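What follows is chain A paired twice: with chain B in the first complex and chain C in the second.
Then we have the complex of A and B:
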């Protein structure tokens, strides 16, 4: 067994370190430990989060196809985007996903949570039925819904519609229905999460509020309007913001449900993120794509700021 | 519990239509899982039987599963997803809680700046970072590697924030007592603080794992080689190939979905509590 004997230089350095360390106060030692714990994470956040954020702004000022030379063109990318008719259509689509999807899912989720909170029999089981879709993979479920939307011999929904006397619908193939047909599975999958959060919110309301209302002889509707809903304001704000951001970033469903992931027919279902993906990774216009991501960032930032502002106004 | 029960009892008194509500909720729940039920049923049907819209397959067969596992790289994709999600989850559980603990239980100059900086990353949408990440991956040869798929999610601002909230709830006396006993700071964190926040840690782990298992856009961009696809990317590659073989596609969707459903059935209470926890603290 050979012992490793450090060189004199190393031994000296070690002693220097020990004497330095022993001279420190306990608070200084703790501060050094803290920075030691944070060293790797700080490197990660700087390299993987902050630097790329600034790089995205920088790339948005370039004309660049990934292989050729980078050419600085200032704000030309933004000018081109705003002059592009397709961009405005895509922006409108994106806001349609959020503007229609969020109210529908919040209304459904609240109604389900409100009544689910009152039933005892099979409570956990029924809650699980609503929650399970939240655990699915969007791409897998896109296939299932795409199959449901098929025309007559295969599609369940059209089979159901025709059997109750409603004509078969084109769904994904229609410029009017496509967007809503893609929104449906997104609402479906997100509902369970919102239901659970609403139930948690409803249960956090102090019981004394209800007792006071009962003594005052308030009816069910009045209790809902004057106690339950106002008390749920933070929950509603939280869910509105989270699901708005979710719908504004919709991508998986659209990419998987439209033909070749094109956001068709005629771009009527294409959201912003799909447009970013196409510019960056199909056409290799990285500058233009980066400028679009900056626009998305600004939109989401405004929404987050709005949330903070709403929360602050709460007494 | 008593609170809840008596509130329910009170509401039951003024709710004569309770049976109707129960029935509607139940039917709604059944509608919610209908897509999954048909997906599972169709995965056991033969190609010609797909046109028969009944929920019970007439001649149940495992042929589709055998076909998928033999003719596509599905098994490989499942292992890829499993490996990437596990690696990423271990990293998040370790680093997010270490950083959360440091920010909650140490006092040092620059603490607030670090916390605000990490929190501010929550405002940056992934989509904005994807192009720089892709440039970085090309530069360093991370395209078509596990590391390339996993690196963006190795630490999260959300997890750090969540863990900080929970560690702040721990009494300082506990940590000081351990310090006096001569424990190292790392041991105090890993052996004393960590066991006390297991519920929060497991909620974080479950959600991070699920998020990775279903993640789509980044794995789609960073992988070109079908051997490196994760499940969602592999499933999307069926677009075109098996376009009209619905029983095959449903079988693949089943294989992608069933692992998470099984985990849910096993840990149901735990997961639901985790959602509430994350939702309320976050």
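Then we have the complex of A and C:
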């Protein structure tokens, strides 16, 4: 059997590499090895995440309908967005989802976690019950809720209301109630996840704090206010940021629960992501949609930076 | 060689030889449309007869859900992929043509003189820059569906002939419980969704003496006194007469299917849906008129040839397009899908005109207009928003129309700006 002999040039290069490698310190070798391994996820992120992000910045300066030629129009897309009164309504809606949805869901999740932590019987079972909605498809859930909200004679909620003497409510058909009617299933769906995180947070608080407080004669309310809540600060910050970002990106529920998926009536339930979707895939204004994406990106970035700043401080 | 390697390789080689042999003798073209049970069935039947008549040509039929259809076609064709013959909504023609996705129909295979003498005149909007860019198999119109049992119970013998009668009948048909909740609605309104925005735009506006757009299609003109009267008429069913509410039983067609609505507006494609409900005893009538006039809304889907098809495939695509726009195809489409033949000679036969279900639609075609949509969804939303403003916010009909006319004018300006 004949061995393949590399060319002289290759042999020379190999020797050069070996002499170069041997001159390196252990730390340098470690660093090179680490970068070699890191190169794979970095390449992945650059191609799959960063490149499309920067591409979105570029597309946001174009007039492009997906089929025809791309035309550079500078900041015209942004000008049009800021001049569009629907955009400001949609932005307000988006912040309403987050501004109202986050406090309500955190309050509910904490209350449930707090009391659930106190009971030992059926604890796991009840916790699982709270978690199930989190595992359910948002679209399927939204449709079920849409039917709950129907007017008489098929809507359960109105059926219940009228049976206790309260007049039937329009819910999704109202410019005032629509947004909150859509928010309710979104809060409900996220609850399970938040309850689990809160329970983990509560259980991580050292028992000794409570024992010391009890010896000092602190009451239940005082313990909650002085020990439990301050110790949960990192948990609360984490959940606030995660669920704020979640609510700012709400889409499935609105698309599934409103007529024609339009975020109606009169755009009063339309969030930013739905507006992006409509520009991109109903009207094929890819540039305008990309510009909106950039705006959403900036909002989310600011919120994430704010989180980093908060987390840096010791609780 | 290992037999686990050898056997598959032999099989693969045989497969490639067989495949290339069949490719050499056969042309395969692709046909795309959106998924709608009866349309898929009709095209499958047409492909079967086409392939039998044209050995050597096979047609691959692909369909997508309506919600994704336009997106998928645009992306596939712009990537150089996709169909040879494609079905598209007539309102999308300009988008597709401007982007170079379609090629004009050849004058030899589709002589203009015969298109113009054979098809309904509304098809002429498919002629741009001296060429035809697509042809429909079928056209659609609107009619009034009414529940015969509910009519009989209310002492009514036939469908309303005029707008005023329609209001009067709706009042008689409506039933409420003690709490004031609807049990049966007289007229099932959809708040402009479904087909109702067409009724507002092309029928009511014209019946009250207006026109939805300027003759050249560049200006929105429904925001005048006639338009306001039309919008008031439509919203009064909810606001004043209280003969129904948008969202009752989800959609108008659902309420009608459940026997909880006296009347509903819809297209001929809904006949098959309602026919499947055994307990439902329904009739169909022409849309009510006003002061001796009648109007209707027509729309259609066309079949075009994509710019990708050339050579042998183009010849096959031409043959297939001729086949699916033939007289026989149109009758099959009427029987299977319930959409009306695009040629008067086939549509206006005595048998079709006298048909209890198709008749009213076919008679409606005679006085129907097809809106030349520039961007269908925002234009539809404009009418829905106007109705919502009146019914949910108490805005006056003329203010509501002024507001949405401005929005819709932007869509038109945007289009003509290109």
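Methods note: the second predicted complex is superposed on the first by the 271 of 315 C-alpha atoms of A that agree within 3 Å, B and C clash if a C-alpha of one lies under 4 Å from a C-alpha of the other, contacts with A are read in each partner's own complex, and residues count from 1 in each chain.
Just so it is clear, contacts are C-beta pairs under 8 Å (C-beta built on N, C-alpha and C of every residue); 3 or more make two chains touch, one makes a residue touch a chain.
These figures come from a predicted structure and were not determined experimentally.
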>> For A:122, using the defined touch cut-off, is the partner it touches chain B, chain C, both, or neither? Pick first, second, both or neither.
In response: first
> If you stack the two complexes on chain A, which partner ends up touching A:264: first (chain B), second (chain C), both, or neither?
Replying inline: second
> Does the superposition put A:284 against chain B (first), chain C (second), both, or neither?
Replying inline: second
> Which chain makes contact with more of the residues of chain A, chain B or else chain C?
Replying inline: B
>> By the touch definition at the top of the document, which applies to A:135: first (chain B), second (chain C), both, or neither?
In response: first
> Should A:154 be classified as contacting the first partner (chain B), the second (chain C), both, or neither?
Replying inline: both
>> In the overlaid three-chain picture, which partner chain does A:168 touch, first (chain B) or second (chain C), both, or neither?
In response: second
>> So in the superposed three-chain picture, is A:68 touching just chain B, just chain C, both, or none of them (first/second/both/neither)?
In response: second
>> Just to be sure I read the superposition right, which of the two partners does A:215 touch: chain B = first, chain C = second, or both, or neither?
In response: neither
> On chain A, what residues does chain B touch that chain C touches as well?
Replying inline: 66, 147, 153-154, 260, 281
> For chain A, which residues count as touching chain B in their complex?
Replying inline: 27, 30-31, 33-35, 37-38, 40-42, 44-45, 48-53, 55-56, 59, 66, 112, 115-116, 118-122, 124, 126-133, 135-141, 143-145, 147-148, 153-154, 156, 159, 185, 188, 191-193, 196-197, 199-200, 203-204, 207, 210, 214, 220, 238, 245, 249, 251-252, 255-256, 260-261, 273, 276-277, 280-281, 286, 289-290, 293-294, 296-297, 300-301, 304
> Okay, in this complex, where on chain A does chain C touch?
Replying inline: 65-68, 147, 150-154, 158, 162, 167-168, 170, 172-175, 259-260, 262, 264-267, 278, 281-284
> Touching chain A in the complex: which residues of chain B?
Replying inline: 3-4, 6-8, 10-12, 14-15, 18, 21-22, 24-26, 28-30, 32-33, 35-36, 38-39, 50-51, 53, 95, 98-99, 101-102, 106-109, 111, 114, 117-118, 121, 123-125, 127-136, 138, 151-152, 154-155, 185-186, 189, 210, 213-214, 216-217, 220-221, 231-232, 235-236, 238-240, 246, 249-250, 252-253, 256-257, 260-261, 264, 268-269, 272, 275-276, 279-280
> Inside the complex, what are the residues of chain C that reach chain A?
Replying inline: 71, 74-75, 77-78, 95-96, 98-101, 177, 179, 181-183, 191, 193, 245-250, 375, 377-378, 380-381, 384-385, 388-389, 392-393
